[in-house]
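Order as written gives the chain letters A, B and C; numbering starts at 1 within each chain.
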Amino acid sequence: MSHVALRGVTRVYPGKTPVHALGPLDLELAPGEFFAVVGPSGCGKSTLLDVMAGLASPSAGEVLFENRNVKGQVPDGIGVVFQEDASFPWLTVHDNIAFGLRRTGAPAAEVAAQVGYAIEFMGLKEFAQAYPAQLSGGMRQRVCIARTLVLKPRLILLDEPFGALDQQTRLLMGDELLRLWRETGATILLITHSLDEAAMLADRVGVMSARPGRFLELIATGWPRGRDSTIVASESFGRLTSRIWTLLRGESLRAMGHA
Amino acid sequence: MKWRDPLILVVLIFVVWQVLYLLVGDVALRSPASTAHSLSNLLSDPRFLPHISETAIAFAQGFAIAVVVGLLIGLPLGAARFAGEVAEPILVALYSIPKVTLYPVILLMFGIGMPAKVAFGAIHGIVPISIFAMNAVRNINPTHLRTAQVMRMSFLDLTLNILVPAALPEIVTGIRVGFSLALIGTLLGEMFGSQRGLGHLLMQAMSLHNIERILALTLLLVVFAAGINALLLALDRRLHARA
Amino acid sequence: MPNALIVRIAIVVIAVGLLELLCRLGVIPNFTMIPPSAMAQSLWKILASGKFSHDIAATLVNVGIAIVAAMAAGVAAGTALQGWPAARRTLDPLFATYYAVPMYAFYPLLIVIFGLGDFPQVAIGFLLAVMAVIINTLNGLDRVPAVLLKTARVHRLGPLAAAWRVRLPYAAPYVFTGFKLAVAYSFIGVIGAEFITSSRGIGYEISFAYNNFDNPVMYAMILFILLLVITVNMSLHVWEKRLLSRRRRA
């Protein structure tokens, strides 16, 4: 049984000149799978995430999460980490992370325990009482991830979460993401423009075509579950990335208007 | 500017008025139609003209003084950074005090009559005009000034061709706000202590419980104030769009 | 560079000192204005004797009611309008022209309809204040980033919860600006109305003192209002800075 299934999903943005952003596309994610999506700019990756999360309705086709139809409303059990900073500037780091959990009516002791654990896990202990404005971009993203984490989502969607960070930080954050994945056992879909990142982190990489986005190929990486960023040194990693790039190069040129 | 939306709004207001009249009745309101009728009667009544001219003259003078003094205060404060920094909180504080409180002082200084009314209008208008003028000058892009230096422009040239166009939009906004506030001030002064003018007539109508007169005068004042403001606003927006 | 605050205080002190001098020397005659020191003395006596406590309380209560009502109605209306663009567009000319209209012109009408109690004054204060709250609330809500709106949906917040827990908190600095204006306008509206005609309140007592040539009382109460309004506005300013400091980049 797949955790998430997209069948014939299309998304067209209405308007004077309608924009066919996505599909038709099919995808099945196994429970606990780590799936990465790469593709040229503007190919519809973010639209894919919106549709999967229930933030946008498909114009055609259906989206199933845990065998239930997802349409226009975010179902329970999904967490999303966005590209832009989504931390709440009026709350401390602690209160930011506690935000969703408090609303479930959980007892204060449990909230404190869960939030404390998430803060430790994401390395934010020193900054628990600070406000987001006082933190760097990377730390604010960690706050957003912790806020998502603490609700124990079964599906986690990430839209270029490390886009604003430097390469070294990205590699380390990648390791943290893997740790999180193993710890929670959640199904993860990561959108990234970094081929290295996709190749290193994912069980499968979906290579998307230029707009309207469809999957050109789904490449299995074959990595063991207990992996970390050191696999970038292995030979198969290089082969993997070059395979992805070969697919992607033509599409990127097309997206930019050449070929 | 789309005429449809403001028109819908005006119609809406009249509809609400009519409905309120139907609910409340003659004891406290009149219908829009009868008010318009009373107003036209009033405007053609020769005894009414002196009151309108009294208010108009007082307002015009007060507004003129507000513009001149406001600019004289605001423009230099905008140019001299430290002076502006010192003065700004003082101006903002003056903006927020109920200037009505100062009316008795003004009456004591000028006695009842035209000079006091002019002063009322003026003090209401001076503060916003000077605040906006100050900000207008402050926000002139320093790159413009450096460009002028490089082009070796004379002071007059610089003022006319760079400073004035750059500062004009904000100054006009200030003058628009000052216009409305000066009108309110003049009117308020007449309501508080005067024997002539529209404000006085309004208070007189209130004590005589003359509902028709109250509504007619209120309608006149609202239409005049809103109308002029709309025109100034169009000018304001055109200037800001260009800038 | 000398401290701006010190220069400001110096200017105020010098101005008051000058006034004091001119009054004492008789350049400004006593029937026009009494020296600031005499004003302060008279105020002190009045406050100590509690002679006008009723009026002061009445005015403050009315101002308070106007502020609370304006904030509640203004934030609610602003939030509702933000989600209804068609209505907002239609009302836009009203927003632009509202403060140009002499609101006090409606005062006689309100008195005729509601009588001489406190309601017309509170109503004027409310009418002046509420639009500032609406305009600033709209401004703030307009600026909520799309990503926060999406986050609210991911957390499965309904429209009311999203407004209360995400949108309004984000817009809080702007709502606070509306609050400052609401306070200033409520004072202006209520006290102005008390001046024009009323049976009690600080404005009324000033008007009464003026009509009875009682300069000490009149100036004392004028001083009281000036000090009160300036103190309130300065406190709000300080409070605002503290609230905003958390949100500023370090």
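We take it that a residue touches a chain if its C-beta (ideal position, glycine included) is under 8 Å from a C-beta of that chain, and two chains touch if they have at least 3 such contacts.
Predicted, not measured: the structure shown is a model, and the values here were computed from it.
Student: Graph of touching chains, which shape: line, ring, star, complete, other?
Tutor: Chain contacts: open path, no cycle.
Student: Kindly work out which chain lies most centrally, taking the average of its C-alpha atoms as its position.
Tutor: Checking distances from each chain centre to the full centroid gives C.
Student: Which chain maximises the distance between its CA centroid and that of chain A?
Tutor: Checked the centroid distances; the maximum from chain A is B.
Student: What is the distance in Å between the mean C-alpha positions of chain A and chain C?
Tutor: Computed from C-alpha means, the inter-chain centre distance equals 49 Å.
Student: Please tell me the distance, in whole Å, between the geometric centres of chain B and chain C computed from their C-alpha atoms.
Tutor: It comes to 19 Å between the two C-alpha centres.
Student: What is the distance, in whole Å, between the centres of chain A and chain B, each centre taken as the mean of its C-alpha atoms?
Tutor: 56
Student: For chain C, which residues count as touching chain B in their complex?
Tutor: Chain C reaches chain B through residues 1-2, 4, 7-8, 11-12, 31-33, 89-94, 96-97, 99-109, 111-113, 184, 187-188, 191-192, 195-197, 203, 206-207, 209-210, 215, 218, 222, 225-226, 229-230, 233-234.
Student: Within the complex, which stretch of chain B touches chain C?
Tutor: Contacts found on chain B: 5-6, 8-9, 12, 24, 28-29, 82, 85-86, 89-90, 92-93, 95-105, 107-109, 177, 179-180, 183-184, 187-188, 191-192, 202-203, 205-206, 209, 211, 214-215, 217-218, 221-222, 225-226, 228-230, 233.
Student: Which stretch or stretches of chain C touch chain A in the complex?
Tutor: Chain C reaches chain A through residues 145, 147-148, 150-151, 153-157, 161, 165-166, 169-170, 172, 246-250.
Student: Which of the residues in chain A come into contact with chain C in the complex?
Tutor: Its residues touching chain C are 53, 55, 73-74, 76, 78-80, 82-86, 88-91, 99-100, 103, 131, 133-134.
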